[in-house]
Amino acid sequence: MDYIYSILVLAGIYLALSASFDLIIGYGGLISIAHPIFYAIGAYTAGLLAVSWHVPALPATLCGGVLAMIASVAMSLPAIRVAGDYLLIASIGFQLGLLQVIKNVQFTGGDAGLSNIPSAIDGPFRSHVFAAISLVLGLAVVLLIRWIVRGPYGAIITAMRDDELALLALGRNVTRIKVVILALGSGLAGCAGGVYTFYYQYLNPSQFDVLQSATILTMVVVGGMGTSLGPMIGTVLLLGLPQAITFLHLPPSIMAPFQGILFCLLVLLFIQLRPQGIIAARRPQT
Amino acid sequence: MLLVLEQILWTGFANATFYVLFTIAFAIILKVVRLWNFAQAGMMGIAFYTMYAMVNLLNWPGWLALVLGMTATVGAGLLIELYGLRPLRRRHSSSLMFFIYTLIFSELISYVLMLLFGTEPVTLFPSILSPVRIIGGIAVSDWDLTAVSATAVSLLVLWLFLRFHRDGQFLLAVSDNGELAELYGISAQRAYLVAMAIAGVFACEGMYLFGTRAGVLPTTANDLMLFAVIGTLLGGMGRLFAAAAAAVVLALVQSYSVLVIASKWQSLVLYTFLFIVIVLFPRGFRLPSLQRRRVVQPAVTEAKA
Amino acid sequence: MTEVIRLESVHKRFGGVVVADDINLSLAKGEILGLIGPNGAGKTSLFNLISGVVPLDAGRIFLGGRRIDRMPLYRRARAGVSRTWQHMRLFHTMTTMDNMLVAPRVCHGESLTRVLFSPGATSREQKDLRERARRLLRRLELDDVTDKLVSELPFGQQKLIGLARALMHGGDCLLLDEPMAGVEGRVYETMQSVVREEATAGRAVCVVEHNISFIKDLCNRAVFMANGRIVQTGTVDELLGSSVLAELYFGA
């Protein structure tokens, strides 16, 4: 029974991650693979604050989100100021480089990971409460992004995707808009990291590597970029498919790559046949 | 002490060879197709494991494996262009789609390779040792000599091809101005295929050299790509041989850094380098020399990422 | 001061081609300056230099006495440079109204913090902007296409929307890049009268055009450019009467 609740916790987290990534790549049209590292920064910050300074869960999570935001500005500002393409390269360097640091530095626990993170909630209903919190967070992220995108800021983001030069010539500071979008998306991912930390109470760097990028990317692309429902569909798919595969009773060494192959084929199929994803955005995205 | 430095110089230089090949493969696609070809990691994986299978499962000789490996890699590259990139281009897809496509392609290949070959590191041949002779106090192995000469010859052949062969010149024309080239009857589509083929050959050659020297995993190509990316950036987009030179410099920097930095921080050195390059030399490191042509920089640059 | 924009010794070369050779120009409030010349004379390049799409090699540009040539594109736009584009550059997945709403020199909607933390002020501003946009669109006879996607509208209306957007932006200096190209009849007249009204209201307008009758009807002064240089300035009649110009324009 507990098992179902842990799936729900993951669902909420993945929903937050995919919706915030969709803000960046779907609405903002920005190309970055560094989402998992901001998730990691949020998770590790929250975890370290709790372990070393006994900071309670909520402020620790918020700090994680803020630190993730700051880190994303450090990554994006130099790159975006040059030209759009360099963001991708900077994000690769940031994702891979910072992960190396986490893996090798003492105080994050290195390769062995960070453990003994105090639980924020105890008692027989722990899983239920966490599931509720996680799902609420996920939905809140989706709704926040939906609200922003439907307002005046959303019009500016769309204009930026349509014709950046024309928007610059109307006086909009496009660099700042891009940096802000990335910061918001990364901050939300950081908060999701906090939820993960306090539920599982153990962090390992391998959780946050480039393979996670592909996972989150899959959720967004297949679900449908630039929509509110898309990330939800993507999340259900991503959590549902592995469960479905377990019924095949494959040995674990085959399971992982098999799952990976399935997801990659799914993305490639969608790109070729239905690039807008399962839920097509009202306005053309690709 | 000097001898140690000289040894590191030579070995570093020899080890730079496969990095140079990977960099050229990446840089030429960026130059001609204007694409950040992250599918190259997948191509490199296909290259190595094809050769590995032929040598270790079919017991075929190394040279045959190399030839067939190149065929397979070139084939993969052409398929990527024909069935992946061309449809995207026809649909006027955004850079995002190209990026996702190339990235996911490489991911797919590494998962397939994981399934087929497991997660233990393997080398192309059972032994990675080769005869060593001492020249001027420095240990020079047969591998070193093969690697350096093969790479030098490959670069020369490429240069000659670009300079004197029609297809090579078409590549340069298309990379300069694709639309203008079309007006003169030069097929951009053909140029893209030729560029992919060249990338395939260089990628496979690089994997042969690397795989006869060190263990390879299905995920190794991803790490090797970092060099290619930084080298290309440092050399400046569109400057192949500058990128090759940059790769050599990077390899040497990494070799020498062993003296001062623990090996676990090695890759961090590279990432830091990457960041410095982006912040300080985004258009590549340029020596203050005469510029043949100044490229017009628009307010918003466009390359398919 | 009545001088809105001034160029001093502006110089720019692309590769081997000089597109702006020691350009000195100034525009006052209420002036409509015509910029004519053969293709490749450097007219659009001049607009690009003024608006900031490309940086100067040498020279200075002043807007209302402030030096703007060192500012990035978006700052110059905020300072008061409005322009239209040869290829329109409308936001093609958006409606007419939305195209207008992202255009004003200063808008709250651009700042995410303001949108998030002062929703009241933001929605009030949006209301005002919508009103302003509606009035502008009405002047240009575009009120019935307010909520249509711009990509679905006919060419002439798209051109008018480009002008409307630039006017919504509201800069003191208005640069119009071939506004009449491919346009005729009703749209032509509407554009003419609106531009004249804007100039009367105090804007400085500079128009690049090949349509000589438009220049004659509208502009009080004209400048003839060729090979990146200003060959002659004066009233439109003076320029058109000059034989040197006829040779340059129609000759080899």
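All chains are identified by letter, namely A, B and C, in their written order; residue positions are counted from 1 within each chain.
As a convention for this text, contacts are C-beta pairs under 8 Å (C-beta built on N, C-alpha and C of every residue); 3 or more make two chains touch, one makes a residue touch a chain.
All of these numbers come straight from a predicted model, not from anything done at the bench.
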Higher-contact pair (C-beta pairs counted), A-B versus A-C: A-B
Maximum centroid distance from subunit B, chain identifier (CA atoms): C
Distance between chain centroids, defined by C-alpha means - subunit B, subunit C (Å): 47
Between subunit B and subunit A, distance of the C-alpha-averaged centres to the nearest whole Å: 30
Inter-centroid spacing, subunit C versus subunit A (mean Cα positions, whole Å): 42
Shared interface positions of subunit A, touching two or more other chains: 165, 168
Set of subunit B residues in contact with two or more other chains: 298-299
For subunit C, residues contacting two or more additional chains: 53, 73
Parts of subunit B lying in touch with subunit A, wherever the complex brings them together: 36, 87-88, 91, 93-97, 99-101, 103-105, 107-108, 111-112, 114-115, 118-119, 222, 226, 229, 233, 264-265, 267-268, 271-272, 274-275, 278-279, 282, 298-301, 303, 305
Residue numbers on subunit A that touch subunit B, as the complex places them: 25, 29, 31, 33, 78-79, 82-86, 88-90, 92-94, 96-97, 100-101, 104, 164-165, 168, 210-211, 214, 217, 221, 253-254, 256-258, 260-261, 264-265, 267-268, 271-272, 275, 285-286
For the subunit A and subunit C complex, residues of the former touching the latter: 148, 151-153, 155-156, 158-159, 161-163, 165-174, 177, 180, 184, 283-284
Residue ranges of subunit C touching subunit A (in the complex, touch as defined): 51, 53, 73-75, 77-78, 83, 85, 89-94, 98-99, 101-110, 112, 115-116, 122, 126, 165, 169
